[in-house]
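Following this line, the structures themselves.
There are two complexes below, and they share subunit A, which is joined by subunit B in the first and by subunit C in the second.
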Partner chain A sequence: MRFLFEPGFFSSAPVRTALVIGALAAVISAVVGVATVVRGQSFAGHALTDVATAGGSGAFFTGISPLVGFIGAGVFGAGAMDVIGMERLRSRDIATGIVLSVATGFAALFLFLDASKSATTGATQQILFGSIFTVNSSIVPFVIGLSVLTLIVMGLIYRPLLLSSLSGELASARGIKLRRVGLLFMLTLAIAVGVSSIAIGSVLSTALLIGPAATSLRLTTNMRNAISVSIALGVVATWLGVLLAYDSYYWFPSSRGLPVSFFIVALILLAYVVSGVPAIRRFAAQSAPGRRHMQLASRSVVAKRASEAT
Partner chain B sequence: MFAGFMANAWLAGTIVAIVAGVVGFFVVLRGAAFPAHAIPNGAFAGAAGANLIGLNPLVGLGVFSLAAALGIGTLGRRGRSDAVTALALVTMLALGAALLSQSTEYEPQIFSLLFGEILGVSTSQIIPVAILAVVCVTAIGLLYRRLLLTSLAPEIAAARGVRPQVVDTMFLIVLACSTTMTVPVVGAFLIFTLMIGPPAAARCFSDRPGPALGGSVVIALLTLWAAIACSYQTNWPVGFYVGVFSATWYGVGRAYLASRRGRDATTSLVRAPTASGSL
Partner chain C sequence: MPASFDQSLWIFRSGQRSGVALVATLTVTALSLAGCSSLVASVGSKPGVIEAVGAENQYANVISQIGGKYVAVTSVLDNPNIDPHNFEASPSVAAEVGRAELIVQNGVGYDGFMNSIESASPNAKRKVIIAQKVLGLSNDTSNPHLWYDPRTMPTVAQALARDFAALEPTHRNYFQARLKAFDVSLQPWFNAIAAFKSKYAGTAVAVTEPVGNYLLQAMGARVLTPFVFQADIMNGVDPAPEDITLENGFLTTHEAKVFCYNEQVVDSLTSSLKATAKAAGVPVVGIYETMPTPGYDYQTWMMAEVAAIQAAVVHQTSTEVL
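What follows is the complex of A and B.
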């Protein structure tokens, strides 16, 4: 036991905060991430972390709450992407790219002004990478509140979102407003990404949003199973990563540990690579109870809806 | 502004803008904005690593961007390519964070690798940039027809025996090459901006590949020149002006497109269907 958990792991307050915040971010990232990957919006999901980060650097400069900066910029960026056009695949690429360009321009300006205003070292590093260990515990209630909000909105738009992602024609035939559902999802994505960027840093935000979702979608085609598997993968990778990072302070004589993001991303990448091995995929396909049954059920629902629509 | 020490900035800026205009045109055409963001952004980790072990940053950038291009190209074929791109990006960034955590002096270097230091380009930096620029533009020239065919008329490309996946990987390698040369000069964020805004704007002004490609280069040049001039006057970072100016160009392009569509609708009720081969 002592070999696995270096002394002080459980009694350290930053570690406890990191475990709680990390798990929370992993859960909302997994829930939102499955929809993001299915809808092919990974680029927007990543770009919003950079947009939120730009807002964070602006908040750092102007002295307003970083939470307002991160979330506000993310929501504004998502709205701007939607205005430029997120419906078609090609214009989506450009919409995301243009918003990302403007955001990084402002990030460059704010970081430059920050650096010339005060000689705070580590601001660039902190804002661009973030660290799960340095999260201020005063923001924890806000993070929890916004996570709950994200989960509620996802629960409400889940069915129309899923249907409109799988078949736009079918969804509009059923009276679903595609544009409105798309915008609502983008705003939810912005909040989820903003929360996770401020809590665990922008690198981990993208890693936890896309990695577990992409892995689980290789193993199962059932959405509910995919979300459960993503949550499990995200939380396990986060906790194991925190543990390894904590332990790594004792690995090198220089006692300079490796960052937690390195371990979490390595674990997520490992899971993705392993999930691509044909034997693993076959095993997952066989061992998922009721998978075939549920898939058939969902297919018949789609068929029924199609016949209703016509 | 045109003093001797600025000559390098203008020269390097011109080379970078031409390459960004040419390569960016195909980035926009092929919907490859995410790789165009991920490769330079992740590759900066390679520069950080090279710094740590005392190598030339160009070597680290080259190795990382090439690895990213090949990774996205090969893994993206079997999976969802945008998710694979995201994974490649975070992997490189996490590696970069790990490498940076092992050194003590990083702050100004990170800033310059991400946001560039075009006003401080030295003559010795320009030579590799110029060589790589020639390589990139030549490669695009050789791939030109195949790139257009696979992006615009995949069926015709397939009928002629052009393999889209090979073209895709070759394009990603060109992207990696242009990244290696530009990141030390203008930074990872700025090169992405130049590869998206100007070509996207140029496509609004012309439907035909030739003029759109030319327009893309011209707009990229105007954007970067104006940004260098403004940055010189105000001392604010070049990246800020490039971001704002490219987005403005795109806004102008969209407005032009909207006004032309409005005029078309009033003059002719039936708009001719877009010919295959046009954008």
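What follows is the complex of A and C.
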């Protein structure tokens, strides 16, 4: 036990808060992330992290909780991308690119102001790369509320969202309001990015959003399994990351722990790489419930997801 | 200037082949710009008055106390809401430093921006006093907040009197008299430190960062907080969760009798530590990174910090703002 968990791990208040916030961030990022990858909106997800950076650093400057800034700016950015044009694929990329660059410019401004004009310290590190161990435990109920809200909205729009991702015409024919579904999804994306920005920083929140989802979509062939595996991967990577960061305090004589974000992202990358090994994929395909053989061709995967969605 | 700019635009627009007129306009513009800058340069520098810069306002204050009526001093860092560790110099600061004949700075990497400004505007006559150098401290001194050390300002003041006399030899006696008066005025502070030490030596103190540590050591206080934690807060990186738990423990178990909090280097963690200290009933003392203004000089500021720490230990009262 001592080998795995260094002394004081379970009784440490910062660790407990980190485990709770980390798990919540991992769960909603996984659920939203799978839809993001299926919809091909990873770039939009990344752009929202830049918007969140601007919001977080701006909030830091004005003395508001960075979480409010992360989410407020994310929701605003999602709306902006929707207005500029999210649905047509070509204008979608352009809209994302414009919002991304403007947001990054504002982030540069706010981080400069944080550092040079206010009595704050460590803004850059905290906003960009997260500082999960210094999160005030008083925000936990707020984060829980946001997570529940995100999961409810995702539950409501899950089927129309999936169908509209696969065939817009079919979805429209069935009376689905594409624009409304798309906007609601972008809002959940903004919340997921905001919460994981608190955990591992705004720049790295993409990792928690895309990594576990992309890995699980390699290993599974139906959406329900993909979401379950994605949640499991995200939570395990986050908790293991917190544990390793805690233990790293004892690795060096200098008694200086390494950042959590690094460990979480490294573990996610490791999972993604391992999931690409053919033997692992075969094993996953065989052990998946209700699957007789693996559908390697993406076309059949899409067909399967479409039939699920209808 | 806008007029000449419009003129040149008009020349472009009218399509006239008047290269001469264009050159003339540009020359006028350039001349008026040059006129502006020479105007700026001629401000200040009265004859017989030495222009001096203190990198931090506490050093500027001591410069003016020694230089008296023969010095015009400006300070670079004087906003108590700015974290000096993250300061970036502006062009106006560069101009002030460029003109200055006498500069006092802290050293130990605390105000490294001064070195780059000074080398950008070399001046063979300029005297630069670096507190770190006059104290003979090495570059890897871990705590840069030297002005809290009771030994620092007397030494700096001595160097100031010497350099002022070198710049204005006719007023040597004046500067010597002011140096003597400065040393005398520090005596009540030294007495207060000694009085605290004789009664309350070994008092355990928790801090967020090392800003007041030299003073706390001189007062015989015992700083519980590990230095790695203090350095992490000072440098704006996340401390390890082990150290956060340790620091919280000093407050909740009342092992620390005083919680010293840097009012100028604040983040969510230091704020939550302050809240913990208050909830646990550990008195909080605000330690300032630069001299609080207005109403303080170096001596009264230092006296106020000692008085605040003493009040915290003796009467359990907090002094968050001086």
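Keep in mind that, in the parts below, the second predicted complex is superposed on the first by the 282 of 310 C-alpha atoms of A that agree within 3 Å, B and C clash if a C-alpha of one lies under 4 Å from a C-alpha of the other, contacts with A are read in each partner's own complex, and residues count from 1 in each chain.
Rule of thumb we're sticking to: a residue touches a chain if its C-beta (ideal position, glycine included) is under 8 Å from a C-beta of that chain, and two chains touch if they have at least 3 such contacts.
Remember, predicted model here, so these are calculated numbers, not experimental data.
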Combined model on subunit A where subunit B meets subunit C, clash or fit: fit
First (subunit B), second (subunit C), both or neither touched by A:Arg224: neither
Which superposed partner A:Pro259 touches (first subunit B, second subunit C, both, neither): both
In the superposition, subunit B vs subunit C on subunit A residues touched: B
Touched partner set for A:Lys177, first subunit B, second subunit C, both or neither: neither
Inter-centroid angle subunit B-subunit A-subunit C after superposition on A [Cα, multiple of 10°]: 70
Which of subunit B and subunit C A:Ser42 touches, first, second, both or neither: first
Touched partner set for A:Ala18, first subunit B, second subunit C, both or neither: second
Touching partner for A:Ala115 - first (subunit B), second (subunit C), both, neither: both
First, second, both or neither for A:Tyr249, with subunit B first and subunit C second: second
Partner chain in contact with A:Ile94 - subunit B first, subunit C second, else both or neither: first
Subunit B versus subunit C as contact partner of A:Ile210, first or second or both or neither: first
Distance in angstrom between the closest Cα atoms of subunit C and subunit B, superposition on A: 7
Where subunit A meets both subunit C and subunit B, residue numbers: 115, 121-122, 124-125, 254, 256-257, 259
Interfacial residue positions of subunit C with respect to subunit A in the complex: 80-83, 85-88, 226, 228, 232-245, 248, 263-269, 271-272
Subunit A partner contacts - residues on subunit B that touch it in the complex: 28, 31-34, 36-37, 78-80, 82-87, 89-91, 93-95, 97-98, 100-102, 106-107, 110-111, 114-115, 189-190, 192-193, 196-197, 200, 236-237, 239-244, 246-247, 250, 254
Subunit B partner contacts - residues on subunit A that touch it in the complex: 37, 40-43, 45-47, 84, 89-90, 93-94, 96-98, 100-109, 111-112, 115, 121-122, 124-125, 128-129, 203-204, 206-207, 209-211, 213-214, 217-218, 254, 256-259, 261-262, 264-266, 268-269, 272, 276
Residue ranges of subunit A in contact with subunit C within the complex: 8, 11-15, 18, 66, 115-126, 131, 133-136, 245-246, 249, 254-257, 259
